[in-house]
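Chain naming follows the written order as A, B, C, D, E and F, and within any one chain the residues start at number 1.
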């Protein structure tokens, strides 16, 4: 597809292809406690991403030789639905899925009091129903809420967001088009109260200065997302509280 | 392949492409106790189908976590030889094989006194050496005899037969050509003394009336096959008895 | 590729395409104790073959149901690097790899005092880094040294070499070109002090007389290789001894 | 599949309830749970639908690809149905390749669509013998509370009715995508109705706890003209012939009711 | 592969017997079991044969397909041999992909056929570099009572001799099947003869109980002009060179005898 | 990954050492182990290199094949990186398909090469949309003593610089190999530098025992103009933002030093 280079006016140059400002997140909608069977669950829409996370556990580790004597074993499966992308993909896990499952699991390890539940395992299942760039970060944002929803003691929520470089500009929360056409993408996961970066990856090329700038912008994004996560949790609790009150009234 | 529509005379219209009448089974040959190592075995030829069934068990369930505390675990593998069909097929189990293994296993569950042998397993292995339509039914007919031959206590034999609709006529025991060109195929497994339908599937389209008619015809087929099964068992016992007598005489 | 048939002079007819005499081995270089982690290891270059063997064990058999009550379980994996051959090959084990792993393991069984270590396992890992004909024999030659290097009690070293028929002549130690264009290839493994043939295979066609001749030539090759193996072991021990002496002096 | 004493007690209790014509969730034996179907929920898929049947949730996504026809039907598009019992849907679902339950689910849904000729596959031929459209139907189970077959079949039909196929032209043997879409040609509306047999009685649309104690299961798929187009008996028990006739009668009624949820005229 | 005390006792008893020149089933050390070969047993296969060698039973089916040649031999048909140790044949066989025993079996049988040039593969070329016939030989073990290699190799040869290839013509690059058949071009008749070494003695055609106690196994495949065309030593023991020479001599005799069972002149 | 008491004691001792600015093998916290790189070690491969980084050893082989381009970049060659943690390299490596560690290793090395545009992939197109060169980079770990990513990335770069591509011409759509070679077009030189965080301090180039106790790991890949071209955080711990900035600064220095080992000007 030929891209026309249009001379941009002062204002235009700070506006992205979808109308967002450089440091603007895509619209985000989060819901907690959306699944019937999982011990905890959450659903996120971030732009066109639609992702569901479910948590089971802590439960007895199986098979037993995988049990850790001093802490819980976190497990994570990041998986994309066959219809989540442009061309139908096989449901078998790809190498990318396996890498992402690993780094996402490692992004949660510092947030969970794993030592509370020796010899158990906690499973985090992530299903990307529709993908549009930035799925690993949105998955982390949702899965952290699913862990909280499951009542698993956490040091803090983990919030995740990418920043990157597109058309020479450092921008927040790249969508699929920006990811593919851009110069760099840096996903980052962050535990605010601990000032801890728990996931950090990068594709692309950034000078030292750009790198610092991008990382800081991604951190800003994480902080905004942290607020949205807390609101979503609060909404869930209010809902539960209301349900309980209603029940009491009815009796 | 162009099919000539020939005007049929009164008699002709009740005759099928292979000369059978509408409610006629293909020629069936059954032998019991045909394998050296299996605890029980049987071989069936039904038309061009050639199928071997072998049973091992009851034996200690392995791996142990699969053992059921209150009954035996029935297992079943329906498998087709690579050379059993027109184009050589891979020996790896297909999705069809896996589905058939499941429904065949479930067709036997009601016939076996599974509670007699807790913590064990019984394996039913079915090998289709040549396939010509109706293999699942012929497999069940043979495997039920293999179970009996293994000395496994059964409520009754399970007999199986398909009926279907071909060229607008309800017919018994479809062969491959009729199955492919016909309008419907309904395989059914039946335990006569229990009046129990233990397998029922259908492909195709049938009105309510046709459906009842087809199911009843399939039941008729099962009853005929039941007689053949009993004869085959008797033949085996006579053979064994003769062998014993002979041995006694020789001593 | 068209092969020119050149009339050969008396001398020429005993010279092979790479300048070797009929009963001449390719240049061989062997090193023992080349890997840091393996309990024993050896490296061999035989012509353009480059092969690494590593041994782990004896160690507790895992999973436990594989343990043998009266002896160690030898295991062997023969594997070729993807870049070891002309066209890149998949790293998944081929059917050839699986057969070779079996016959190589069986070639070592008579050499190991397996009864010394009941309930354990010994793993032999062979990695062909570059292949040029005769890899199974060179692998055995190296792996036997790796077993010795691991301190595993052996009845004797196993030495291996192929002989075969190329252009009507019986020749020793075929390279890849000779193997592909020749009439027969007979790999053989031999335990000299036991006069024991522990591996024997053959591809091709040989008359009775040729067969005896080829087998005897292969045995000759094994005996030469046995000397090289002993030298390599000695070199390793001298090296170790020197290192110890040096250490003592330094103190 | 627990065989413990607790399970036995529960089984007896549930069986007693059913004998009295009652069910755990106060439905009648032949009452369906409320079904909510939403279409177009995955914009990137050519078709999609999400169903909530009680607490059972299934998402169906449909992708259209281009590939080769089968050699025995060179002028027909290809239909392929796949089911994933993803592990967030139930503590009993494991990651990994589809097991026998997922394969049976996919094949029973496939059978209903295929045998009723719901998709006009001849309409999906691009170049006979060479290029045809492939319709990938992916059944994605998000929450498992029983009766996956009916939920999946209904959502699959809704998704098919929601599916758009891109326009194209063939230039020098290559398919080129052109702007615009047209609907997938749907000619029939198969509806699966599943019965569980508990204590020798039939109940329709079993929920999970009923499936755990049922003796056997029977699925009848009914097409728009009330013909039966697929059957599947499963489970360790059996049916009597009268029960099957009874089920066929009820299946026709229920199918007509459910069909209205997804086929708007 | 049991290593228990019982097995040790049995091993000693069997070894003692062999020392006395005797075997469990009263055969002499160099006696073959009775072999019965029946061909054409699977009509849908292009070739087939079933062998009973004592209680060992193997069914071999041959299918002919069309595919691409290997790039280094563009004008030759393709031969592929596969063995399935199906679980009804023995309590020790497990379902699943072929293990090392099945793979070795297939490869040793393959080697005998390939190295003796039993099939005229150049005769099976349709279009050089593009289309050739593929000969699929499937070894299907139905009952395992020892010596699978010899039984399978003999049945494979019988099946090859029984194989018909359909006539065809090539029209515009497509192979079209025409009425009629011709025989597969068979040029050689390799016969595998297997020895077990027990208590330092050789026995031919080991049955299962002998295989369980043998030290080692040696298969020699002999072609029609008495040349050796494949060898395979297996098992945890070893052979002395004299034993191999002895085996070669006997293998030639036995091969000639067995060959008569399947090659009628 | 042992979590035993012994491991805890060891962890504390190692952590104490690092606090004092010391390491087990007496290196400084920001000292790299000695790296030895040898190229052309596998003559049959189009390119190869073997690295010894302390006791860690990796062999990288590069093969050039011909295949189809990806449909979204029809005029670019294909790069594929695969890692094998072969079991002779460590008692903890198991035979079998690559696990998550091998996959991560391959993908991080891939990312550095791909994102820095080290290989001029457009130069590797033969016929747009139809035939391109495929560059197979196989990372073969022979001995594991920590920091596989840096060792593999460095050896991969050395192997790429050592790679020859055969000459060819296209005749009637077929690629024909011609005599002679030319170098693979390499445009950039990415170097991976890995840090471990132990007791809240960073150390570069962790050896195995350090990896066993580290909280977290960070790899920064730096290209020839000192730009960052790939990042990977791994491990169960976390980093503070200042630590990442610190790491970036040191990575640039270390990358420049290491690059001299393989890029000769």
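Keep this in mind: a contact is a pair of C-beta atoms (placed from the backbone, for glycine too) under 8 Å apart; a residue touches a chain by one contact, two chains touch by 3 or more.
Keep in mind that this is a model prediction, so the values were computed, not measured.
> Figure out the least number of contact steps between chain A and chain B, where 1 means they touch directly.
So the least number of steps between the two chains is 2.
> List every chain that touches both chain B and chain C.
Where chain B and chain C share a partner, that partner set is E.
> Let me have the rounded angstrom distance from the C-alpha centre of chain C over to the C-alpha centre of chain F, please.
Their C-alpha centroids are separated by 32 Å.
> Whole-Å distance, chain D centre to chain F centre, using C-alpha means?
Roughly 48 Å, centre to centre.
> Report, in whole Å, the distance between the mean C-alpha point of chain B and the mean C-alpha point of chain D.
Comparing mean C-alpha positions, chain D is 28 Å from chain B.
> Can you pull out the residues of chain F that are in contact with at least two other chains?
Answer for chain F, listing residues that touch two or more other chains: there are none.
> Counting only residues that touch at least 2 other chains, which ones in chain C make the list?
Within chain C, no residue touches at least two other chains.
> If each protein chain is taken as a node and each touching pair as an edge, is the resulting graph a line, ring, star, complete or other?
Contact pattern: a closed ring, each chain touching exactly two others.
> List the ring in order: which chains come, beginning at chain A and going next to chain D?
Moving around the ring in the direction of chain D from chain A, the order is A, D, B, E, C, F.
> How about chain C: which of its residues touch chain F in the complex?
35-38, 41, 48, 50, 52-54, 56, 59, 77, 79, 81-88, 91-92, 123, 125, 127, 129-132
> Using the touch definition up top, name the residues of chain A that touch chain F in the complex.
68-71, 95-96, 98-99, 101-103, 106, 109-110, 186, 191, 194-208, 211-212, 215, 219
> For the complex, give me every residue of chain E touching chain B.
So the residues of chain E touching chain B come out as 41-45, 48, 55, 57, 59, 61-63, 65, 82, 84, 86-91, 95, 97, 136, 138, 140, 142-145.
> For a test of understanding, state which residues of chain E touch chain C in their complex under the given definition.
Residues 3-4, 100, 103-104, 106-107, 111, 115-116, 216, 218, 223, 226-241, 244-245, 248-249, 252.
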